[in-house]
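As written, the chain order gives the labels A, B, C, D, E and F, with residue 1 at the start of each chain.
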Amino acid sequence: MRYAILLLDAPYTSQAAHSALRFTRALLAKGHAVDGVFFYHDGVHNAARLAAPPQDEPHLVDAWAELGREHAVPLQVCIAAALRRGLLDEQEAARHGKQGASVEPPFELTGLGQLVDLGLRCDRLITFGP
Amino acid sequence: MLLHTLNRSPLSAVLDQALAGMGPDDRLLLIEDGVIGALPAQQARFESVAGRLYALHEDLESRGLLSLCAPAVRVVDIEGFVALTEECERAVSWY
Amino acid sequence: MQDDTRQGDLLVILRHAPHGSSWLKEGLDVALVAAAFDRRVTLLFMGEGITALLEGQQAGPLGQKGTAPTLAMLEMYDIDSLLVEARGMDALGLTGEQFMLPVEGVGDAEIAELLASHALVLNF
Amino acid sequence: MLLHTLNRSPLSAVLDQALAGMGPDDRLLLIEDGVIGALPAQQARFESVAGRLYALHEDLESRGLLSLCAPAVRVVDIEGFVALTEECERAVSWY
Amino acid sequence: MQDDTRQGDLLVILRHAPHGSSWLKEGLDVALVAAAFDRRVTLLFMGEGITALLEGQQAGPLGQKGTAPTLAMLEMYDIDSLLVEARGMDALGLTGEQFMLPVEGVGDAEIAELLASHALVLNF
Amino acid sequence: MRYAILLLDAPYTSQAAHSALRFTRALLAKGHAVDGVFFYHDGVHNAARLAAPPQDEPHLVDAWAELGREHAVPLQVCIAAALRRGLLDEQEAARHGKQGASVEPPFELTGLGQLVDLGLRCDRLITFGP
């Protein structure tokens, strides 16, 4: 089956990101297709490239990036939710006159239309909230 | 038939919203803090979904709730969670 | 509630109050985007989300816009199926006359039916 | 005498926690989404703090609740909020 | 509950369950820091926070540590005043025998007194 | 009187930051001393220097920085809560081998001991949660 994941909270604030990551890994292990993980609301913080959690705790940002690269799963971050929360890639940083970026590939900033498209295109959309 | 997931404890009003949204054959899976609902004292709150109530093994275990879980609750692991989403037509998340 | 509406593509559930958090705004944003892509959208207000419909809302004291201006635009986006959890209205003691838009009350059984009959359900 | 602030609606279980923490002279100020508690239909929930219930003017106003506010609720603006924190020995926030 | 404990400096209220959010961990971190600075600390577990006391907690499936190891260290920090909302225990159907540490149940009146008698109250 | 503010949620996610900012301004207008604003839990996101909210919405990060500068109010960000959430100043970025920083003065990363100190030193600690 084709799945999409919607993640609505930051790592380290609630368990939502941990649950979403494990569920997505289980989907892939079972041979399902994951057409995308969409990060919305505080879920955009999963793309924070500067996150530096203690070394004895799971590193969610790195884990998502690895999953995205290894399984070619698009990691789509809502651009409107991200900008107001301080998550900018280089292009957006330049556009807003800010030095430096807080989001980098494989995370990509994109519009909400992608969420609607994913949700209607896939067989299942599974949401993880705070 | 839909799968509803709930990650809030039965002390939260979100449980009432989830129950309001459930059809007669829908299933309810407790995850994260929602597994507090697997405690025996909470089962009265779940009467309307008797036989259709599930809880995630890993979340029960990490909270020390596995041995306290009410017998009527069906315990599934993350693979079981995936299987429930396959069997059900859609999933709705309550948080 | 008409049967053709129930079969619409997208059901967006709004359970949070205006101003207090961004949930309501972010839920409405999804609805508007879906409508702009020609999807049929139904909104279901539950619990505190029902207060989003109250007349006379204003900007916050720091100029926060709130969500009333967005609700006022729903018709322009052809979003005209606005449903409200009847039990939530009772719990808050609110009536339809206090709302800025015409809505339809729905009971628990209808809510379950709505969830079952929409291709995509997003819960905010 | 303490000041308690509450930013959750009376539909939330947090209200019960706030009420549990309130002494016989303490005051309760509703702010943010908490001002939904100023609706007349909610006043039964606040019986134990009758005469000691406040709500923030600006938060009522932005939500369209100012004209619906129950008469027993004392409406204060942000300066009134500051004054309450001056008069009360300490403030405890429930959220 | 002894009177000298009630007069202690800091009351930390813990209302959130372990693993589900970082509130419990971050509340406990404040308690540990205060104790390390030689402040007397009382912990009050309310609502879902009471489940933090359950025996047999484990790391999460991704290696999340949870808060049980921190609770096991409280004695080392001389934090030995652990109070539990009696009404919350009833609501959850839990008893003290299921807890990893000895605690004392408190009623609503005692909770209000605790809040009134501590120099600093932090609510998590 | 001497006040301290504890802010526990991010701007744009809940109203907490808006309430805290207005309350702090009202304190200063009335002549009270504000010994510090402490940012903890998701409140650390108030220090996100890359935040780019829409121009017709209040810019909370800039507003805090201005208040801090104009009234010499220390803006103290819990370092442990900040690091795991991707909020690093230049020193911490260097320490963790990250390029670029997401926190800059007048916000300062500091330990939780400061919160306890502020809370016990001031006449009033007012908390704003999500």
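As a working rule, contacts are C-beta pairs under 8 Å (C-beta built on N, C-alpha and C of every residue); 3 or more make two chains touch, one makes a residue touch a chain.
As the structure is a computational prediction, the values presented were derived from the model and not from experiment.
Among the remaining chains, those touching chain B as well as chain F are A, C, D, E. Distance from the centre of chain F peaks at B, each centre being the average of the chain's Cα atoms. The greater number of contacting C-beta pairs, out of the two interfaces D-F and C-F, is seen for D-F. Same-residue interface: chain A and chain F share over half of the residue numbers found at their contact. Summarising the inter-chain layout, the chain whose CA centre lies farthest from the centre of chain C is E.
Centroids of chain A and chain F (each the mean of its C-alpha atoms) stand 26 Å apart. With centres defined as mean CA coordinates, chain E is found 27 Å away from chain B. Rounded to whole angstrom units, the spacing between the C-alpha centres of chain A and chain E is 34. In whole angstrom, the spacing between the mean C-alpha positions of chain A and chain D is 38.
Residue numbers of chain C whose C-beta contacts span two or more other chains: 19-22, 47, 60-61, 64, 120, 123.
For chain D, the set of residues touching two or more other chains reads 7, 11, 13, 32-33, 58, 78, 90, 92-93, 95.
Across the assembly, chain F contributes residues 12-15, 22, 41, 57, 125, 127, 129-130 that each touch 2 or more other chains.
Remark: the chains found to touch one another pair up as A-B, A-C, A-E, A-F, B-C, B-D, B-E, C-D, C-F, D-E, D-F, E-F.
Those residues of chain E lying in contact with chain A across their complex are 19-22, 60-65. Against chain D, in their complex, chain B makes its touches with residues 11-13. Residues 6, 40-41, 80-81, 111-113, 115-117, 119-120, 125, 127, 129 of chain A touch chain C in their complex.
Of all the residues in chain E, the ones that touch chain F in their complex are 9-10, 22-23, 26, 29-30, 33-34, 36-37, 39, 119-120, 122-123. Those residues of chain D that touch chain C in the complex are listed here as 7, 9, 11, 32-33, 36, 39-42, 58-59, 61-68, 78.
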